[in-house]
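Alright, structures below, take your time with them.
What follows is chain A paired twice: with chain B in the first complex and chain C in the second.
Up next is the complex of A and B:
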């Protein structure tokens, strides 16, 4: 991000919430339900509590390093080598995430609306606007993201409550789903649903007031957890088959059963429109974040031309996946464990060690 | 433009047009004030420059997006004469 462009607390919170809701739309609840069955709602509650505690711990670890992000802290801890390693890992993570999101959504749109259009055309239609808005800057993107997130959040609530008449309460039984171990022991891996923490680690330098970081982190985590819980419980109670079939867009299935009398037909079209906006906003912010990290680790003065290379890379990578099965494997397995290892383990270790190093430095100075 | 985008890519094209236009509008400034103020950026939720405005005697704060020297336009109790009893 440019040194002059900072964002407010509402914009920052909306970015974090938008990342989670975009993943909810792109089948995140289904990934959780397949692993844990009918106890997914219990698992989400459990994972949300762990995520909130993790968030509180992260805020405490970030406190001594005001206006530093995870890359700066890595440099403090391990010099330029660790900074480069962490920076490259996060760049690859965000590129991988962007390519999966865009390919998954484009493939879903191709199935729903654009049967005869080539996939590359749809991918380009997502990437070209991202290229256009990347030149404008993070401030404008984050402002628009605030509007889109409010509309997206409201639309998701409408979906969840409009399908309430189709709820079958008995479908949450058995309460423990596939067993206590799958729900609580193995199920802790579902913390990957909070992959928005990867964005949290880079938020402090771009905030207007870095002292509001804790408030932003906790409020966005709680809002994301509420939406995740509502979407999971809604899916379990509406569709009996959801825990053993692999749907493309399970939230889209919910929109297809919404009825507002006989006058309104195909209400799902409105929701697709909002989801397209949110995907564009997500891609715009993520690409800006990647160029920011790249600028940080290479110390180049002007990184605006990097966006062309990045868009090309994301486009090529998203075309690389042969079919939906490979995409689902990458989403459910590779992305899951990459998030856990990079965001929840490696970054936490770096923060803890950096804090210990800082304390030791203060102790030696005294 | 929206007609062309709709022809090219249907709903997706229109959504792209809406998104790009919103980002351009968010970036514009008019005499130093953001084009989408007071809605974006969100600075003061109690602004008196939106659809729902308070009566004249309750408008104590100036709009935040104007970045004025003095944020207060009048005292908290502007109609102090109403509460005087007898001589001042």
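Up next is the complex of A and C:
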């Protein structure tokens, strides 16, 4: 992201919200519900409060580094080695996330509409446009993403409200689900739902006005929390079986029961179309971010050619997963703990230590 | 720069022409056979007998728009080991791919339903072509006979016939519009148990009015296939089939279904007959609607459920008698009392039937109890679905009768 490519606060907020909603569509609520059962809504409230507090703390920690991202701060703290380690970890994280998202969505599409089409063909349908778009630049991606996020947010709201007639309020009971410990102690791991924080750590240098970082971070976290809460409680109240059946696309199940009178039935195709756009937008931004981090740690002049290699890597990696069971394991276990360790523990430690180092330096200077 | 643009343009054109041509794995109408209903029976030579009612597609241009399906439909049956193997056999036989995306009804024979249907329900729910709003009908006869006797007289398109005929519950209350997703959800629920539409073949020559039943009870006393009616249409859906998990355990007649709808707040409107308070041999007809939802509550007294239901109905008197003035307050009050007592008696009878005889909570009373438990384990240990058979009921009907 060169110095000319800056984005406004709405674009930045929409990127953060899009990342969460894309994951909501790709079965994030089901991952939470499987772990915490009927108390998932309570668990989401709990992890949302923790996420907001975490966000406030992060903003405070980023304040002394007004135009730096997590990689720059790592360099400040531990020199080039730490910078390279953190950079590579984030690159691997984003590549892994992209490959899971694209494979999960392509497999779902294959199952629903393109039974006879080869998976590679469907993957390419996503990756080729991303290849073209990722070279254009962050400004164009973020502006298009803003439009897509508005449509995506609206479509999710339509799903949630159109299924309201199927709500059975009592299905939120037993209020503590699988137990107090599962809801509040083990359940804290569900904070991985806010994996969009990984993107937040790279946002400051590309903002028009870095002073608005706090506003963007807080508003996007709150919006993400609201969407997560609505989708989880909606699924619990509509499907009594959702706690113990491992659905592939739980939000898609909601779209299948939507009907507006006798005339508008089977509207799921419209939502699938919107989700295709959001997946494209998600992949475009993520690939751009990966090349940006790569450029930062290697200091190469032109990172555009990197995109070809990157797209190939994501393509091959997404084909590596043998079946849905492996994909679900990677999503529910590997991605979950990777997010917690990298985004919520390692990055936090780096930020705290960097702040301490900065304070000490000021102290020494004085 | 121009060469770059040209190359990009060529790449885009090639990409679009390949991906948007639609030729790859294309399936047209001529390669598909649309099933409007599926019948599942116990097989003669194999585990299952699977029947499909296929829509025969007509020429849409000649019919002047609307649906392209002709009046005709055809039924194909096959003995098979599972639903999927049956579909494959039929695919091969008719040389077309069976498509379930327009399937409106799943008919399961009573004989098979008594043995358990979860395997078939899970298979069908797992099929993405199946619509969740497809109806579940338990047939008192063979499912294949049910399909073969599907001869709509007032509707030309068989798919629409299934759609419309099951909507009649909205103005008769004699059955419920039970869908595949409802049945599946109830089957996996810990607060309720499933039920389905009861269907059958009505051979009117064999049926006659039962003289042992009072005239006001007669209308609602029939089950599917029992109504003394003469018509070319021989299929009849009346009453409900009650399930314990996935096994059929009993049937409810028309009036019991009406009571069920009142309790679960799915009642829209119906015409019922009550005994006349003025003449022991006469009846009064009422057009019932519900001004507000039924209020149900469950109290656990020493572990025994005590269920209270407050039902609210509004009735319009549709019958007339030259010697009686239904507009006086005194007479209306008397009819109200009779209506309350008549409905309370029928609702109690329905509730005790489900509780003591069938031992199945199909009215989802469990949802009023689940809030008393803090964790899932506590709730599962309480075993509500078993405990329901110990229930006692109190029903209060508050009617408001008007002379229209």
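Observations, loosely collected:
To be clear about the criterion, the second predicted complex is superposed on the first by the 366 of 366 C-alpha atoms of A that agree within 3 Å, B and C clash if a C-alpha of one lies under 4 Å from a C-alpha of the other, contacts with A are read in each partner's own complex, and residues count from 1 in each chain.
Keep in mind that, in the parts below, a contact is a pair of C-beta atoms (placed from the backbone, for glycine too) under 8 Å apart; a residue touches a chain by one contact, two chains touch by 3 or more.
As the structure is a prediction and not an experimental result, all values here were calculated from the model.
Of the two partner chains placed around the shared chain by superposition, chain B is the only one that A:137 touches, whereas chain C remains out of contact. Once chain A of one complex is fitted onto chain A of the other, the partner contacts of A:259 are limited to chain C, with no touch recorded for chain B.
When the two complexes are overlaid on their common chain A, residue A:52 makes contact with neither chain B nor chain C. Of the two partner chains placed by superposition, A:162 touches none, neither chain B nor chain C.
Of the two partner chains placed by the overlay, chain B and chain C both lie in contact with A:125. By the touch criterion defined above, A:239 reaches chain C but does not reach chain B. When both complexes are overlaid on chain A, the residue A:276 reaches chain B alone and has no touch with chain C.
Taken together, the two complexes place residues 114, 125, 128, 132 of chain A in contact with chain B and also with chain C. Every residue of chain C that touches chain A in the complex is listed here, in rising order: 8, 15, 19, 24-25, 128, 131-133, 181, 184-185, 188-191, 364, 367-368, 370-371, 373-379. Touching chain A in their complex are the following residues of chain B: 9-16, 18-20, 22-24, 26-27, 34, 36, 39-43.
Contacts from chain A toward chain B in the complex involve residues 8, 10-11, 109, 113-114, 122, 125, 128-129, 132-133, 136-137, 139-141, 143-144, 146-148, 269, 272-273, 276-277, 280-281, 284. Only residues 37-38, 111-112, 114-117, 121, 125, 128, 132, 168, 170-171, 173-180, 239-241, 244-245, 256-257, 259, 265-266 of chain A touch chain C when the two sit together in their complex.
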